[in-house]
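Here you go, one structure.
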Amino acid sequence: MQDESVREFAERRAKGQERLLEAANLPMRRFLALDGDVYAAGALSRKEKELLGLVASAVLRCDDCIRYHLQQAHGVGVSRDEVVEALSVALVAGGSIVIPHLRRAFAFLDELEDAGA
Amino acid sequence: MQDESVREFAERRAKGQERLLEAANLPMRRFLALDGDVYAAGALSRKEKELLGLVASAVLRCDDCIRYHLQQAHGVGVSRDEVVEALSVALVAGGSIVIPHLRRAFAFLDELEDAGA
Amino acid sequence: MQDESVREFAERRAKGQERLLEAANLPMRRFLALDGDVYAAGALSRKEKELLGLVASAVLRCDDCIRYHLQQAHGVGVSRDEVVEALSVALVAGGSIVIPHLRRAFAFLDELEDAGA
Amino acid sequence: MQDESVREFAERRAKGQERLLEAANLPMRRFLALDGDVYAAGALSRKEKELLGLVASAVLRCDDCIRYHLQQAHGVGVSRDEVVEALSVALVAGGSIVIPHLRRAFAFLDELEDAGA
Amino acid sequence: MQDESVREFAERRAKGQERLLEAANLPMRRFLALDGDVYAAGALSRKEKELLGLVASAVLRCDDCIRYHLQQAHGVGVSRDEVVEALSVALVAGGSIVIPHLRRAFAFLDELEDAGA
Amino acid sequence: MQDESVREFAERRAKGQERLLEAANLPMRRFLALDGDVYAAGALSRKEKELLGLVASAVLRCDDCIRYHLQQAHGVGVSRDEVVEALSVALVAGGSIVIPHLRRAFAFLDELEDAGA
């Protein structure tokens, strides 16, 4: 529940992902590959797809997923205003139970932007 | 559970929305206003926001919301390829339980496009 | 997805409940008994408990559960204003995906009140 | 919300699936393939995997998914007692909001068994 | 996942809320205002509305929301028996997956009551 | 969000469960009893029921529930391959938002198996 730094998240996620890949059976590995491929640029840009992933993560209230897509979005050049607008759609669609996730999302985003400055 | 035509949906929704507005108290009316305003163009375009609303609706598995955003997206010129890519993100994020909603979504989209031809 | 009349709902539910009780194993039957008992008056009144059940049903987006609690609430004398306020809490907590359920809820409530006039 | 016969469901699903496959992009098609493969016999039998799919469908409250897994389970020889026990786990895990789905599940199961008699 | 003291929660929440208000766009700020207003006394009392918020939070499994409504409910004089009855409705409606949240809720409630003694 | 050791989880859970039982009213206590009984061997074995509980927990994304059922499953002799196959069904049914829970599940499972070696 505590805020987690960008570095802590990245390390925890990398370690967990490595363990997951070791433990995964074939359907899981195919799912994980698909989960990467579906965000590739196509009719929609990388930026747009990361925002879609961010909104899906926010309304489904998955903090790790939110952090991951914030990081990816930041990496492909999505602006803060775009992130805020996407999250405001998620808030209205998903309701007040999304709020605690937004608090954590903005703490993470602040740090991402500071690190990138 | 049956497919509903675009016209049937539009009529049912309009009637329901009218009744809702009559019955709503002030917080509900403010919420409904907000639910319109959050999709206005800003840092993100109308098209992009409708796709965000579509993905949120799909992962939260709300058929009426999916239909509404398909209609809005179609109205502001979102292409079929863009809709399909957005829904493929929703499918991977939300899992196989999204599939029945995709079946209904494509039936609705087919009809929207035929009507607009 | 279509509106269902109070009578149609009551008949469909009674028939389904009868079949469920026939098919249920012991844990299911105990659950069903518990699902009745938890709404008995205690520190909270019957009215208050039906409103809690209504809000739980609305944020979890279960139309049959909403209809059932609307009917029960109406039966124990909950006023329309109380129902509307409870549903407005559900709307803000659960977000715009609750809206289609509110449309159906108000259609059902209108009919309940007309029938009771 | 009405009960749907086994035949009606099968026809509606087949038609929807055909349309979905036509409309799907590559990630969707890969997901659909994976959704079939993950239920193949392995360390767990076909029967056991259908019961897992049934419980996942019930707690996630997806009627079409429940019907599909009931049909598959019936086809590979899962007994009624096994289905009932699996659904009782789903009821306790998922709570009373699962009840309307159980009512529809048992109507469908009754018909499946009658047809198979 | 660990228990969090009332003071720790209050400080973390206040800090997060401050950051959220700074980062929020207009629709978010309007949503946050609405999220306060909808709990004002009207046809239902402050006490009753906090219990509705508590049940919505519990069935949607949002620990921060549960803590917030426990604190608010305690502040307006809701008794322990009323909280317990409301949470028992949430447990039956939402199922066994609500249990871990109840464990944390009661730890928080115990501390709230000790602090207020 | 951090990984929790098997011992830490067991202690935290035992303490929380003790407090819950003290605070619980009669419907809660009956629910808790039912939540134990529904996993008893019957038409389905203890192993099979724990796998059903595991999949329900995973698609509903309840880490404490996942850990509990992993522990129970391990205790009654479910093999790692069976756990992995069950979790792969959960992943495909529930989508990519299940992934962070799988990472934590495998860390817990690794430790369970090491402790049992």
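As written, the chain order gives the labels A, B, C, D, E and F, with residue 1 at the start of each chain.
By definition in this document, contacts are C-beta pairs under 8 Å (C-beta built on N, C-alpha and C of every residue); 3 or more make two chains touch, one makes a residue touch a chain.
Remember, predicted model here, so these are calculated numbers, not experimental data.
A.B. asks: Matching over half of the contact pairs by residue number, can you pick out the copy of the B-D interface from C-F, E-F or B-E?
C.D. replies: Matching pair: E-F.
A.B. asks: D-F versus B-F: which interface comes out with more C-beta contact pairs?
C.D. replies: D-F
A.B. asks: In angstrom, rounded to a whole number, how far apart do the mean CA points of chain A and chain B lie?
C.D. replies: Going by mean C-alpha positions, chain A sits 23 Å from chain B.
A.B. asks: Would you kindly tell me how far, in whole Å, the mean C-alpha position of chain E lies from that of chain D?
C.D. replies: Going by mean C-alpha positions, chain D sits 36 Å from chain E.
A.B. asks: Between chain A and chain D, what is the gap in Å from one C-alpha centre to the other?
C.D. replies: Centres of chain A and chain D (C-alpha means) sit 31 Å apart.
A.B. asks: Taking each chain's centre as its mean C-alpha position, how far apart are chain C and chain D in Å?
C.D. replies: Taking the average C-alpha coordinate of chain C and of chain D, the gap between them is 26 Å.
A.B. asks: Please list all residues of chain A that touch 2 or more other chains.
C.D. replies: 1-2, 25, 27, 31, 34-35, 38, 42, 56-57, 59-60, 65, 81, 84-85, 88, 91-94, 96-97
A.B. asks: Among line, ring, star, complete and other, which one matches the pattern of chain touches?
C.D. replies: Shape of the chain contacts: complete, all pairs touching.
A.B. asks: If you look only at chain D, which of its residues touch chain E in the complex?
C.D. replies: 59, 91-98
A.B. asks: Residues of chain C touching chain B in their complex?
C.D. replies: Residues in contact with chain B: 1-2, 61, 81, 84-85, 87-88, 91-92, 96-97, 99-100, 102-104, 106-107, 109-110.
A.B. asks: Can you check the complex and tell me which residues of chain D touch chain A?
C.D. replies: Residue positions touching the partner: 25, 27, 30-31, 34, 37-38, 42.
A.B. asks: Can you name the residues of chain F that touch chain D in the complex?
C.D. replies: Touching chain D: residues 34-35, 38-39, 42-44, 48-49, 51-53, 55-57, 59-60, 65, 79, 81-82, 84-86, 88-90, 92-94 of chain F.
A.B. asks: What part of chain F is in contact with chain E in the complex they form?
C.D. replies: The contact residues of chain F facing chain E are 1-2, 4, 12-13, 16-17, 19-20, 23-25, 27-28, 31-32, 35, 56-57, 60, 62-65.
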